[in-house]
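So that we are looking at the same thing, I have put the structure below in structure tokens.
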Amino acid sequence: MTPFIQNIADSIKPFFSGWLYSNGNLGLTCTVFLIIYVAALLLMVKQARAGGTIPKVRRIAGLDAVDEVVGRATEMGRPVLYSPGIGDLTSADTLASFNVLGHVAKLIAKYDARMIVCNRTPSVQPITESVVRAAYFEVGKPDAYREEDVRFLTNDQFGYAAGVVGIMNREGVAALVLVGLFYAESLIFAEAGNQAGAIQVAATSSTSQTPFFIVACDYCLIGEEIYVAGAYLGQDRVRLATIVVQDWGKQFTLIVIVLGVLAATIGSFTGVKTNVIIDLLKLY
Amino acid sequence: MRRTLPMIITLVTGLIVIFNDIFISPAFNTLVQTYLIRSQTLSIATAYALGGMSLMRVHGHRIARKRDGWMNSVVLIAGFALLMVLGVTLPGGHNSVTYNWFYQNTAVAGGATVFSLLCFYIGSAAYRAFRARSLEATALLLSACFVMLGGTSIGSAISPALPQIKVWIMSYFNTPVIRAVSLGVSLGAFAQGARNLFGIERGYMAE
Amino acid sequence: MPWYKRLMGIDRRILYIILAIGISFPMFSPMGLPIPADVATQATWDFISNLPAGSNVLYSFDLSASGLTELKPTALVLARRSFELGHNVFIMALWAEGNNLGAIWIDPIAAEYNAVYGVNYIKLGFMVNPQAFLEQSRTDLYGACSGGIDANGDPLSSFPMMKNVTKAKDFDVVMSYNTGDPGPTIWIQQWYATENIPQLSSCTAVSTPTMENYFQAGLLKGNVGGLAGAAYIEKLSGQLGTATGGMDSQSMGHVIIILFLILGNIGYFAARKAGAVK
């Protein structure tokens, strides 16, 4: 460690060691970042609620296409198939998927179309049921809700894949909305959907599956766009305001990376083996 | 109250779990391990039971009304019942030889078969969609070819440079991009979690 | 119909047949192609091989049956290596399928090396709640393991090898055989980030870029990626098996897909030249 930073680290260690986890010397940094990030989030929420200006979110083609996709299925008189992925409730992708499901379910209820929701995780099943049921209630058509259209298939990954593909072909779905955490079954869904002639919108944060969705689906959200989906579709000011905090976080991280790279580069020229930026991040 | 109570429970339990990982506190530790973790495990186990019941209900209706493909539902329910009975009644339960025999020759074989479809699907997707429409698409195509060849035995047989090119592409192009996307995803997931925690987004409550 | 339209519109069943023939041909007539070396796989092999006798090695089967081809060879090789070197082998699973598959694959190897259950080999079972297990096991492994029982329902406290293994830190390494999530990511987040327990991974080919990323960052001490990694680890161990046999088929499959790419683009460029597509 850089000597003067080592002195700072040694002096603060006794203060924190009794009550804060060190977590590989990143405990303090992560805690401070967490506090600042959450504070910024709540600040933007307060500003949005008070009617302040919030930055605009750029157009996301995949999310704009959701309405088009549902409309097309309605015109063709064929159902939409929705999959919230294979993640459970601890996955942020699944939580994001509920927001999209609510929006799609309202459209389906409004247009008197049909949507089949296929769940892989049993703990997600009751929530997707209530989301879809609530959508029908909100639109004023509670009797139109069909319990058998929100199904738990199986907890087995490829049994789920086979089940979804079977439903796709038997029910002749016109549109596929795949929003959530996906793994190897992503290409099976996308390619089978393509073979069935369905229009497809996909969103996942999984970097290993995004390429398959990009190749085989009509619209695909990349990376953290899935977390924006709920706010974007509902055009809710408060939720849109929190999205800018994500971008601030990325900008801050970018600055730290650039500074760290500069420090490492200067260090390699001057023969200094320590990196000031890394040492500052690893204070405690 | 119907809206507020779940939000309060979410916020309080979420904060307890977060604080447990940040602050050294036997009290938080006990709360998390004794109560929250057990509650979560119980909820998951209950959810499995609910999922099974949902499955039986859907397929039971299908059989009762003799809808299209009702015979498949009979096979599903029979398989479900058989493995459940075997797992509960056999000595050794789901670790017994008989259970494993059924499991290996049905679920494992079926799962491996469906996974194998990926090979054919990637072939048809590659044929249909990989077009050199632009400079970026061409670069993608060429790097895909190098990586595919470099990662297999035939690449090593053609030229020792191919595996090196593959490693270079993966190390200097693929890894930085994955890190960049993962960084954004982590921050996004964090924001998503915070929104759920503070009740800003209530999708899980069907709102 | 112009030839390029027919080329671009070939029935996919023909493509599937060509792929099937190409992949199965080497199974009947092996080509004996060389196995490419892999740094991450070498690191995995070296890490396990350098652990002294008596080390506590935890193999976690976070997989489904889809991982059979790519992960089973690695699991067999490393289990044999661990038993040869006198490690204490613990197996468990964060996926329900992994619990059965792990036992089916490793039990015969344990018997082969005369491992004594509870002395140098134990099955901790399937953990219904991965987050809860990883969190609780950091301080109370027994409590995290379904209330202190092994996969057969016997109390962990009755086994000699569990006497000195009561928390996460007592393990010398964790190896996750994974086909998805929960997998190495959650192990790294919970056990490596907080307890600094070394992590290894064996993953399917599609997850290899992500795991390579972790390996390069030092979060994983090694990764065996896909069939190529499994074949290389078989080569390192000297026990050639199904992974090595599958590499010829994989090579043929990749070559055929590259040919498809070329054919598809020939049709595309011809169509573009004729003005049929933009």
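In this document, chain identifiers A, B and C correspond to the written order of the chains, with residue numbering beginning at 1 in each.
Note that a residue touches a chain if its C-beta (ideal position, glycine included) is under 8 Å from a C-beta of that chain, and two chains touch if they have at least 3 such contacts.
Quick caveat: nothing in here was measured; it's all calculated off a predicted structure.
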Check: Can the chain contact pattern be summarised as a line, a ring, a star, a complete graph, or none of these (other)?
Finding: complete
Margin query: Looking at chain pairs A-C and A-B, which one is connected by more C-beta pairs in contact?
Written below: A-B
Note to self: Quick check on this structure: which chain has its C-alpha centroid closest to the centroid of all protein C-alpha atoms?
What the structure shows: B
Margin query: On a C-alpha centroid basis, what's the spacing between subunit A and subunit B, in Å?
Written below: 14
Checklist line | Chain centre separation in whole Å, for subunit C relative to subunit A (CA means) | finding: 26
Check: Residue numbers in subunit A touching 2 or more other chains?
Finding: 21, 23, 155-158, 184, 207
Next item on the list: Going through subunit C residue by residue, note those that touch at least 2 other chains and give them in order.
Entry: 12, 64-66, 97, 131, 194, 209-210
Margin query: For subunit B, give me the residues that contact two or more of the other chains.
Written below: 21, 44, 107, 110-112, 114-115, 122, 124, 126, 128, 130, 178, 182
Note to self: Going by the contact rule set out above, which residues of subunit C touch subunit A in the complex?
What the structure shows: 12, 64-66, 96-97, 131, 179-181, 193-194, 196, 204, 206-207, 209-210
Check: Which of the residues in subunit C come into contact with subunit B in the complex?
Finding: 10, 12, 15-16, 19-20, 23, 31, 33-37, 39, 64-66, 68-69, 97, 99-101, 103-104, 128-129, 131-132, 135-136, 139-140, 143, 151-152, 194, 205, 209-210, 212-213, 216, 226, 228, 231, 247-248, 250-258, 260-261, 263-265, 268-269
Checklist line | subunit B residues touching subunit A - in the complex, by the definition given at the top | finding: 18, 21-25, 43-44, 47-52, 54-55, 58, 61, 68-69, 107, 110-112, 114-115, 117-118, 121-122, 124-126, 128-130, 178, 181-185, 187-196, 198, 200-201, 203-207
Next item on the list: Name, in rising order, each residue of subunit A that touches subunit B in their complex.
Entry: 18-21, 23, 27, 30-31, 34, 37-38, 41-42, 45, 88-89, 92-93, 95-99, 101-102, 119, 121-123, 125-127, 130-131, 133-135, 148, 151-159, 161-162, 170, 184, 187-188, 190-192, 194, 205, 207, 210, 212, 215-216, 222-224, 226-228, 230-231, 238-239, 242-243, 245-246, 249-250, 253
Note to self: For the complex, give me every residue of subunit B touching subunit C.
What the structure shows: 20-21, 29, 32-33, 37, 40-41, 44-45, 92, 94-95, 100, 103-104, 107-112, 114-115, 119-120, 122-124, 126-128, 130-133, 141, 144-145, 148-157, 163, 167, 170-171, 174-175, 178-179, 182
